[in-house]
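Shared between the two complexes below is chain A, which pairs with chain B and chain C, respectively.
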Partner chain A sequence: MKMYIRGTGNISPQKTFGDVPFLEEPVLYNGIRLTCIEPDYKDIIDPKMIRRMSRIIRMGVAAANACLQEAAIPVPDAIITGTAYGCLQDTDLFLTKMVEQKEELLTPTAFIQSTHNTIGAQIGLLLKSHNYNNAFVHRGFSFESALLDGIMLLMENDASNVLVGAIDEITDNSHAILKRFGLYRTAAVSNMDLYSTVSRGTIAGEGATFFLLAKEPSSHDYAQLNGLATFYKPKDHAETEQHIVNFLATHSVHISDIDLVIIGRNGNAKDDAVYDRLTQTIFNTSILANYKNLCGEYPTAAAFALWLAAGIIKNGIVPAVLNVSNTTGKTMKKILIHNHYQDTHHSLLLVSAC
Partner chain B sequence: MDKLMSDLKTQIIAQLNMQDVKPEDIGDDQPLFVDGLGLDSIDALELIVLLQQHYKIKLSNAEDGPKVFQSVRTIAEYITAHQNQAA
Partner chain C sequence: MSTTVFIVGVGAISAIGDNVAGCLASFKKGKAGIGDMVYLDSAYKNKIPVAEVKHTNEQLAALAGMSPKISRTALLSSIAAKEAMDDAGISNMDALRTGFISANTVGGMDKTENFFSEFLSNPGKGKLRNVVNHECGSVTELVADQLGIKNYVSTISTACSSSANAIFLAARMIRHNMLDVVIAGGADAITKFTLNGFNTLMILDSDYCKPFDENRKGLNLGEGAGYVVLVSEKIAKTLPKKAYCTLSGYCNANDAYHQTASSPDGIGSYLAMDGALKKSGLLPSDIDYINLHGTGTQNNDIAEGTAIKRLFDPHYPKMSSTKTFTGHTLGACGGLEAVFSAMAIHHKIIYPNLRLQTPMKELPFVPETVLGENITVRHALSNSFGFGGNCSSLIFSKL
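Coming up: the complex of A and B.
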């Protein structure tokens, strides 16, 4: 399988949007959640449209717009989005008004904009595109499902290029609720100390990340996407390892061929037990990079990892913030991403140089 | 009437989240839809809710909508007429 990442657009808690150096100035946080750094939308979205868009919709539309501009594709053959939580701010607003106003006099905008396919729909409306438009809401597989749909459209010749994106936001209410489930830390932590203070819970994050995937190569592609696989609730570490071995074998790659493995370590002792084991077995000689201290944990965080992998290959450098040794003078040609969300949703992505 | 129109402009801006518009930017007789302020059908629903929330007035006939929501002045006239009726 070969398809090409021609463009990306990424709004994240790091300086990743627009013409900025590739993670040269890491943003440090000391708290319990990481918040996206947003651009000035007035230059990107029609002001008449902005007033109805909540924060996550603006982030999604702006990231998609930047991605299409970079790829020089005005209207893609398909728009596919993945989100686990959807437009939480609007959902929050709508439900709060419903309770406060006893289910009467509800304004339509928050309700209309609260659906999970709003961002894909807004992108389609702005582009005046009647092409394929779909949204996937599968918890920790939302981005991977959107990506799989895009891959299938390209492989079956139903599209020559697809816009695939992942969007998730964290709000005060959702953070409070998820924190009660034990997902997040209760005490402030520096994101750069996340891995040296492993304990219960991780640091919450969010992001809007888009990719333009094309069937044919061009002179300005980031990288090739060679493989995607997901597996759900492995019963033990041996099963997780077996899935990784099978994935590499399917793509005729040996672990020693992989220049860098990007893993989803998040500072939560329970989640990181997966990597405590993998780093002793299949990844024991691999060069590893963590990324969730940069973007935080959220169900579609694998999109940030894919953006990172594509950027490393295109720029030919591993950013210093990843704190990866043994890469001096080494060209990163093949990168494996292993991500998991709460040890239930595991995904594997294989990215290589063009 | 002037006070009512001034209040309406502030309420419309808040209800429709028009962050870059100030009350003085909206003319009393300026068309609200399409070429004027550029409102659309979703905004019309928001204006109906606004009338109910702030003035306890229900637009009884949907066909009256285009006439009532033509401008800030026509909305104010509709409110005045219906508040007087209620009194």
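Coming up: the complex of A and C.
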């Protein structure tokens, strides 16, 4: 399978949006919540529209817009989004008013914008595009499901390019609730110390990350996307390994051909144990890189990893913040991403140089 | 990529029946499921009619074999998905690549609503078990785990076209030879959140809805779940029972007009229907029945009707909105109406469009007002259009 990442747009807790150096100035956080660095939307979205949009819609529309601009595709053949939690701020607002006002005197705006397809719909509306438009909402598979849909459309020749994105936001209420579930550290931690202080819980993240995937190559592609696989609730470590072995075999790649493996360590001992085992087996000779100290943990974080892999291949450098040794003088031609969310949703992505 | 996709199992629960047979019996009796609110605890009790499934959560939980404490949407989903799977009668599921692709619009919102009232007074309060399945995907996973399906599990949420898109995706995954068997469709329970949301939009009829009537005043919310089992030709051949029909065409298009309103000319609806016809290689004259989206709002029915006029004039197939029986079940309607379309072909029946008194003056056609029996339906078109301009059409074809 050969598809081309022609453009990206990424709003994240790092400086990743617009014409910025590739992760050269890492943003440090001390706490348990990483927040997206939002651009000045005035230059990107019609100010009249901005006022009506909630934060996640702004982030999604701006990231999609930047991605299309970079790819020089005015209107894509399909718009496909993935979000685990959807438009939380609007959901929260409508729910709060409904409870507080006892179902009386409510206004529709927050309800309208709370539906899970709002971001994809807004992108379509702004582009006046009648093309294919879909929205996936499956927890730690939301982004991967959207990506698979896009890949299938390209294979079916029903699209020559697709816009695929992942969007998830943290709100004060969602953070408070997820914290009560024990997802996060109980004490503040520096994101750069996440892996040296592995214990119970991780740090929360969010992001809006879009990709323009094309069937044909161009002169300005980031990388090729060669493979995607997901697996759900592996019963044990052996099954996880078997899926990775099968994935590599399907794509006729040996693990020694992989220049870099990006894994989704999040500093939570239980989650990281999955990668620890793999580091002793399949990945024992691989060069490994972590990324969730940069963007935090959230169900669609694999989109950040794909952006990172595409950037490493395009720029020909592994940013120093990834703290990966043994890469000097080595060109990064093939990158494998293995991400899992709570050992329930696993995904594998294979990216290579064009 | 060329394999035909067969529908070999169906499952449904709605205000007019706990299973497919129950729903069909109500269609034959002309008995709608709309009425006063009994199970939802809302300030709009006795003010806004709804089409509820006539069971408490405890009764549904017993039918589903699940805990009554989980979301009503998961209970409905489980009941219909299991019926579909049993109906297909595939004995060697474990040896096949199976998928569960479901849809819903608000996940476990019915429980989140309870959580939120306590949580707002004190962020340390509210039972966490009431929000643990808030996400749309969690509702799907509860059912996938119960059914033992794990090769592919996903959830789509494109408002009222959600479950049509789930069925659409399932067919494509079979055509790509990624899966052998997929249970696809959707579920939604009525929640206060959606009831209040639609109420602020002023598109709820305070009486029983009248789709495609000149004097229509809005929709009635309903709840339920509908699933079909899709298989490849190879698997269909191994089954003891003949398939009901095939899924021959599908298309997803966007109206790109407004976040909640349809364009006056129904461009999205037109493109979805036209695209589905092209995919199936059929002509408009091949369609014998249209299961309308037909919500009963001023806006939907004129947009959908105008698009049908543009595509089908002057030869109109028989058509009806089964929402006159089930109410608008949102994330479930594409699934339920796929089941009804498949059954229209299989049982040679056309469902009536209830309460239609004065046909819309802008349209040259009138939906069926009485039950049609012994009518050969070669191809049935099912429309599902939603907020965000998401329009999807599916075509089911006689074997």
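We adopt the following convention: the second predicted complex is superposed on the first by the 354 of 354 C-alpha atoms of A that agree within 3 Å, B and C clash if a C-alpha of one lies under 4 Å from a C-alpha of the other, contacts with A are read in each partner's own complex, and residues count from 1 in each chain.
Rule of thumb we're sticking to: contacts are C-beta pairs under 8 Å (C-beta built on N, C-alpha and C of every residue); 3 or more make two chains touch, one makes a residue touch a chain.
It should be emphasised that the depicted structure is a prediction, and the values quoted were computed from it without experimental measurement.
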item: Touching partner for A:Arg139 - first (chain B), second (chain C), both, neither; value: second
item: Which of chain B and chain C A:Pro108 touches, first, second, both or neither; value: both
item: Per-residue contact with chain A, leading partner among chain C and chain B; value: C
item: Touched partner set for A:His254, first chain B, second chain C, both or neither; value: neither
item: Touched partner set for A:Pro47, first chain B, second chain C, both or neither; value: first
item: Contact residues of chain A, present in both the chain B and the chain C interface; value: 106-108, 112
item: Residues of chain C touching chain A in the complex; value: 1, 42-44, 105, 107, 112-113, 116-117, 119-120, 123-124, 128, 131-132, 135-138, 140-141, 144-145, 150-159, 165, 169, 172-173, 176, 192-193, 196-197, 199-201, 252-260, 267-268, 271, 386-390
item: For the chain B and chain A complex, residues of the former touching the latter; value: 15-20, 38, 42, 45-46, 49, 52-53
item: Residues of chain A defined as touching chain B within the complex; value: 47-48, 50-52, 105-109, 112
item: Residues on chain A engaged by chain C in the complex (per definition of touch); value: 79, 84-86, 94-96, 98-100, 102-104, 106-108, 111-118, 120-122, 124-125, 127-139, 141-142, 145, 149, 152, 155-156, 173, 176-177, 180-181, 230, 232-233
